[in-house]
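Alright, structures below, take your time with them.
One chain, subunit A, links the two complexes that follow: it is found with subunit B in the first and with subunit C in the second.
Up next, the complex of A and B:
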C-alpha cells in the first residue's frame, strides 16, 4: 500500500488537491453552462415538458426590439463603468497621502463596499425621488425642478449606472490602495533622484508598477458592467417600459416572470458569448504585453 | 572627460570657485523618529574626488544618513551643502546627486538605455545629448551591447552596471552608493569592488559609499567614516583607523578576525608608561598617549589584534598568556586558533565564548586541545579607558612593524 502510494504520489497528490475545486467548477460552471445552452434550444415553461425548437429562441431574439434596448443599455453600462478604474485610482492616490485625518476620509470611501448593492439601490432610489429626494433638494436650492430620473426613459439607465458606479469606484479604489502599498520604495526613490515628480512620477514610475492591479480592476469592472442586474431589479425593474433593462435582467425577467426558460437561456447564452469574447481578447492582450516587457 | 563635466543641471557654475569648495558638507545633521534619534549631530566635510565609505553595524544610521544626503529623507535639523550650495530643502532631483540602490531599483518597464537616460529625460535635455551621455556611460561600463534589453534579461552584475551607468549619465556632483554590492555573490562582489575603485579613479568624482562590509571599506575608501548609534565614531584613512582606532568601538569594528579585548586593572602609572595586569595575564607595560589621565586602580580594556599575538614556543616562563587550544581553523594562508586561557576571558570575543583569537602563519603544527603559550609585544597593545570612549595608548607610527609580525 505504502509503496503504491509512494510510487504514484507525484501525480496523486496534485490530483487530490485540485479535485474539490475541479468538481465544484464542473458542476456549478461547466455543467450549468452546457445545460443553459441545451435549454436555450427548447421551448420550456420551467415545469412542463421541454419542446425542441432548435434555434427558434435565437431567431425570435434577433427580432425582439427589447433585446436591442437591453444590448444598448449594456453598452452604456460598459462605457460608463470604464470610469471606475481611473476615478478609483485618483481617489486612491488622494487618500494615500499622509495627511492628518486621511484615515477618516479613507474609511468614508469604503462605505459603499460595506453596503449590499440592494441597499445602495434603495438609497439612490430615494436620492432620485422627484419631490423629497436629495437630488430634488439640490435642484430646488438652485431654483430648478429636479427631473424624475427613474421614470425618464432617456436618463434612467444613466441614473442607475451612477448609483452602481459609486460602489464600483470604491472597489477599484481598494484595489489601487493595495497596489500603492506594494510600490517599491527604492524605485520611487530612484525616480525622485532622477528628478521625476508629479505627473512624470505617476506616469513613468508609479503606473507601470500598478499594471497588474489595473488589469484586475478593468477585468472585474467589465464583468461587473455586463452582469449588472441587482440595481436594476431594485430601482426600476427594467422600467419604464423596459427602457432600463439589460441582458442579465431581461434573462431573469423572461425566465422568472414570463415562465420562458428557453428564451431566457438563449439571452444568457448570448451574454455568455459576449463575455467570453471580451475575456479572451483581454487575456491574450495582457499576456502579450507581459511577454514584451516588465 | 570634458564632455562629462558639461553642466547637465541648468545652474551655471564657476569651476574655479567650485574647486575651492567642499563637494559635500554636513553640519550637525539630526534626525529623529519620535523619541528615537536615528542621527545625532553628524558633521562631515568631503573634498572633491574623495571616496568616502560610511561603515557601521546594522541600525547605526548609515543608510539613513545617505538618504538624507540624497534628499529621500528629511532631517530634523542641520544643514547639507553640495558643492557649496545649501540643498537642505531641495528635492533629490535638484541636488546634483545620483544614487545607486541596494536593489538596483532599475525601472523594469524600460530598456537599459531608457533607464540610463531617464534622469536627463526628466531634465528635458535634447535627445542627442541623452543618447551621447548614455553611450558614453555604457562604454565605460562595457554594457553597450545590452542597451536594448530590459533589466529582467540581465544578470545581477549587469544590472549593477546599469544602475551605476544611470548614475554616471547624470554627471552628478556626488555619487551615492547604498550597499550596492550586497546582492552579488562573493566572486562578483570582489570583481565589482575593483571595478568601482577604478571607475572612481577614472571619473575622479566624489563618491559616498555605504556598506556594512569592512573589507569594502578598507579596500575602497580614501576615508572611512565609522558610524555607531547615529553618531560618527571616527573619520580617517583606512590604515589610520586600523592602526589608531580612537575608541573601543572602532577598534572592535575594523579588522577581521576581531581584536581581542580583556578587562584589566591599571597597577601603576609612571610618566608615559602604565603597568597593567589581569588574572591569567603576565604584567604588561604599555606606552601612554599624552594626557592619558590614567590613575592606578583604574579599570581599563586591553586590546590586541589576533595577528599580533605570537606563539611563544615552549618558553612558558616568558609567555604573557598560557592556555589550551580549543579550535583550529586552517584557512590556507593563515591559521586561526581559539585559545581558552582559563581566568583570562576575552570580552565580546570573535567566537562569543571568551576564547582568545590568535592568527598565526600558514604551517602551524598545532592541534586542538594542545597547550600553548602566547606572547604579546607591548607595542602592539591598545589600552582603552574604562568607558571605552578613548584610546589611551600612544599612537602607532603609520609605517609599522606589521611585516615583522607575520614572519614567524
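Up next, the complex of A and C:
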C-alpha cells in the first residue's frame, strides 16, 4: 500500500489537489457553457419543448438593430472603464502620502466599494432625476436647466458608466494602494541616490514595480465592463427604448421578459466569444510573463 | 510532540462540538418539515401598504380558524413580475397573486397554474362572478379567482379643475382645447411617466379603442392585424398631434408612474390616464379631490369600450399544500374578506354580491362599467408577452421620437410576423 502510494504519488498528489477545482470548473463553467451553446441553436420558451432551428437565432441577431446598439454600448463601457486604472493609480498615489488626516480621505475614497452596486445605481438615478434631482438643483443654482440624462438616448450610457466608474475607481485604488505598500525600499533608495525624483521616480522606478498590479486592475476592469448589468437594470432597464442596453442586459430581457431562451442564449454565446478573445490574450501574456520570470 | 497532542485534543473537541451541532440540526429538521405540510405560503405584490395589511389580517384570521400556519411574503410589485417566472418553476408558494386574461393563460398553457374548477363548482362562484369569470377561464376550466378590477380613465383633481375653470373633455376638440387651457395655466395637460414602459401602451389602447373599436383592437392583440395596417394610421396621427403640442410630461422616460402621479397630486398636471391606484401618489387629505372621467370620444359611431384589467389569485401547479391553499382561497373570497381587501386600493369588485363601497370612486367605476359596451384588459395583458415587450418599447420610443413612427411600426410588424409565425 505504502509502496504503491510512494510509487505513484508524483502524479497522484497534484491530481488530487487539482480535482476539486477541475470538477467545479467542469460542472459550473464548462457544462453550462456547452448547454448554453446547445440552447442557442433552438427556439425555446424556457418551459416547453425545444425546437431545433440551427443558426436561426444567430441569423436573426445579425439583423437585429438592438444587438448593434447593445454592442456599441458594450464598447462605450469598455473604453470608459479604462479610465478606472489610471485614475485609481492617481488617487492611490495621492492618499499614500503621509499627511495628517489622510486616513479619513482614504476611507472616503474607499466608501463606494462598500456600497452594493444596486444602491449606487439608485442613488445616481436620484441625482440624475430631472426637476428635483441633485444635478437639476446644481444646474438651477447657476440658472440653467439640467439635461435629463437618463432620458437622452445619446447620453444615457455615459451617465450610467459614470455611476459605475465611481466604485470601479475605488477598486483600482485599493489594488494600487496594496501594490504601493510592497514597493522595494532598496530600489527607491538607490533611485534617490541616482537623483531620480518626481516624474522620473514614478515613471522608471515605481511604475515598473506595479506592472503586475496594473495587469490585474486592467483585467478586472475589462471583465467588469463586459458583464455590466445590475446598474443598467436598476437605473434605466435598458431604456429609453433600449438605447442603454448592453449584451448582458439584452440577454436577460429576451430570456426573462420575452420568454426567448434560445435567442438569449445566442446573445450569451456572442458575449462569451468576446470575453474569450480577451481572456486568451490575457492568459498568453501571463504565461509569457511567467516564463520570462522563470 | 506536544504540538501534536494539543492539535489532537483540539480536533477532538471540535469534533464533539460538530457532532452536537449536527445532531441538534438533525433533531431540529423534522419539526419544520412536518409543519410545512400544514402551512400555507402566499406571495403577494401589494404596493399599497394598507392592502398588504388587510391581507395579513385575513391570513391571521384564517390561521386562527383553521389552525393552519399562513406565511405572507409581500414583494415589490415590479420585481414580482420577474420573480414569478422563477418561483412558479422552482420553489412555488401555495398561493400567488397575478393577472387574469392572457397573462394568466401564458402560465396555464405551460402547466404552471393549478386547475381550480372544483372550488368554482363547490362554492358556486360562477353565479356571483358573471362575466368576470371568463377572465380566469381557459378551455372551460378555471385557473384562478378574479380579485379586483381596475377601470382605466382620465384622473384629475376637482380643486385644480375648479381653480382654472377646466371641465373634463368629452370629445377630441374639447380635449385639444383643454390642453391649450392647461398650458396657459402652466399645467402639463397630461402627466405621463414611461420609465416602466406600460403607461405609453395604455395610452395607445385608449386611442385605438376610441378610433378603431374593440374588435379591431383585439385583432391586433391576437396578431391577426398588421402593425403597418392603414387603420392604425389615424391612431398615431392623433397621438402625434398631442405629442407635438406638448401634452405630455417632458422627459417622461425618466419618470415612473408614481412620480408622474405625484405631478398630478402636486397640482402641476391636468389629468392622468391610469387606474384608481393613482391614489397611492396622493396624500390622504387630498384623496377626496381625486376623481375621473372616461377617455374623450373620438369617433361618435363607436360604442364605449374601456380598459378594465382584472387581477387574480392562483394556486401554482407546484404548490406543496394545495388543499390548504384551496381552503385559504375560499376564506379569502368570502364577500366580507374580499370587500375589506379591495377597500384600500379602490379596486372594483368582481363579485356582484358585495355591499356598495364606502369609496365614491369605486361606486363611480361600478356605475361607469354598466354603460360600457365591451372591455379590453391592457396591452401587455391582452397580447403575447413577447409581442408585448416589443410593443411597450416601441410605444415609449414613439412618444419620445414621434418622427421614427414608420421605423418603429416596421419593427413591430417584423416582431409580429415572427411571433405569430406568419
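Criterion: the second predicted complex is superposed on the first by the 281 of 294 C-alpha atoms of A that agree within 3 Å, B and C clash if a C-alpha of one lies under 4 Å from a C-alpha of the other, contacts with A are read in each partner's own complex, and residues count from 1 in each chain.
Definition applied: contacts are C-beta pairs under 8 Å (C-beta built on N, C-alpha and C of every residue); 3 or more make two chains touch, one makes a residue touch a chain.
Quick caveat, the model's predicted, so the values are computed rather than measured.
Engineer: Quick check on the superposition: with subunit A as the shared anchor, is it clash or fit for subunit B versus subunit C?
Structural biologist: After superposition on subunit A, which the two structures share, subunit B sits beside subunit C with no clash.
Engineer: When the two structures are overlaid on chain A, which partner does A:56 contact: first (subunit B), second (subunit C), both, or neither?
Structural biologist: Neither partner.
Engineer: Kindly classify A:130 by the partners it touches after superposition: subunit B alone (first), subunit C alone (second), both, or neither?
Structural biologist: second
Engineer: Based on the superposed arrangement, let me know which partner A:257 touches: subunit B (first), subunit C (second), both, or neither?
Structural biologist: Second partner only, subunit C.
Engineer: Nearest 10 degrees is fine: what angle do the Cα centroids of subunit B and subunit C make about that of subunit A?
Structural biologist: If I round to tens, I get 150 degrees.
Engineer: Applying the document's definition of touch, where does A:205 land relative to subunit B and subunit C: first, second, both, or neither?
Structural biologist: first
Engineer: Looking at the overlay, what does A:86 touch: subunit B (first), subunit C (second), both, or neither?
Structural biologist: In the superposition, A:86 touches no partner, neither subunit B nor subunit C.
Engineer: Applying the document's definition of touch, where does A:240 land relative to subunit B and subunit C: first, second, both, or neither?
Structural biologist: second
Engineer: Look at A:189 in the shared chain and tell me whether it touches subunit B only, subunit C only, both, or neither; answer first, second, both or neither.
Structural biologist: In the superposition, A:189 contacts subunit B only.
Engineer: Have a look and say if subunit B or subunit C is in touch with more residues of subunit A.
Structural biologist: Comparing touch counts on subunit A for subunit B and subunit C gives C.
Engineer: Between subunit B and subunit C, report the minimum C-alpha distance in the superposition, expressed in whole angstrom.
Structural biologist: The answer for the closest subunit B-subunit C C-alpha pair is 29 Å.
Engineer: Which of the residues in subunit A come into contact with subunit C in the complex?
Structural biologist: Residue list for subunit A touching subunit C: 45-48, 60, 65, 128-130, 148, 150-151, 153, 236-237, 239-242, 253, 256-260.
Engineer: Taking the touch rule as given, give the residues of subunit A at its contact with subunit B in the complex, in rising order.
Structural biologist: Interface residues on subunit A, with respect to subunit B: 184, 186-187, 189-197, 200, 204-205, 208, 211, 293-294.
Engineer: Which positions of subunit C touch subunit A when the two form their complex?
Structural biologist: So the residues of subunit C in touch with subunit A come to 82, 85, 89, 106, 110-112, 194-197, 250-255, 259, 385-386, 389-390, 393-394, 396-397, 400-401, 411, 418.
Engineer: Which residues of subunit B touch subunit A in the complex?
Structural biologist: Listed in rising order, the residues are 67, 70-72, 91-94, 97-99, 101-103, 105-109, 118-119, 122-123, 150, 152, 166, 170.
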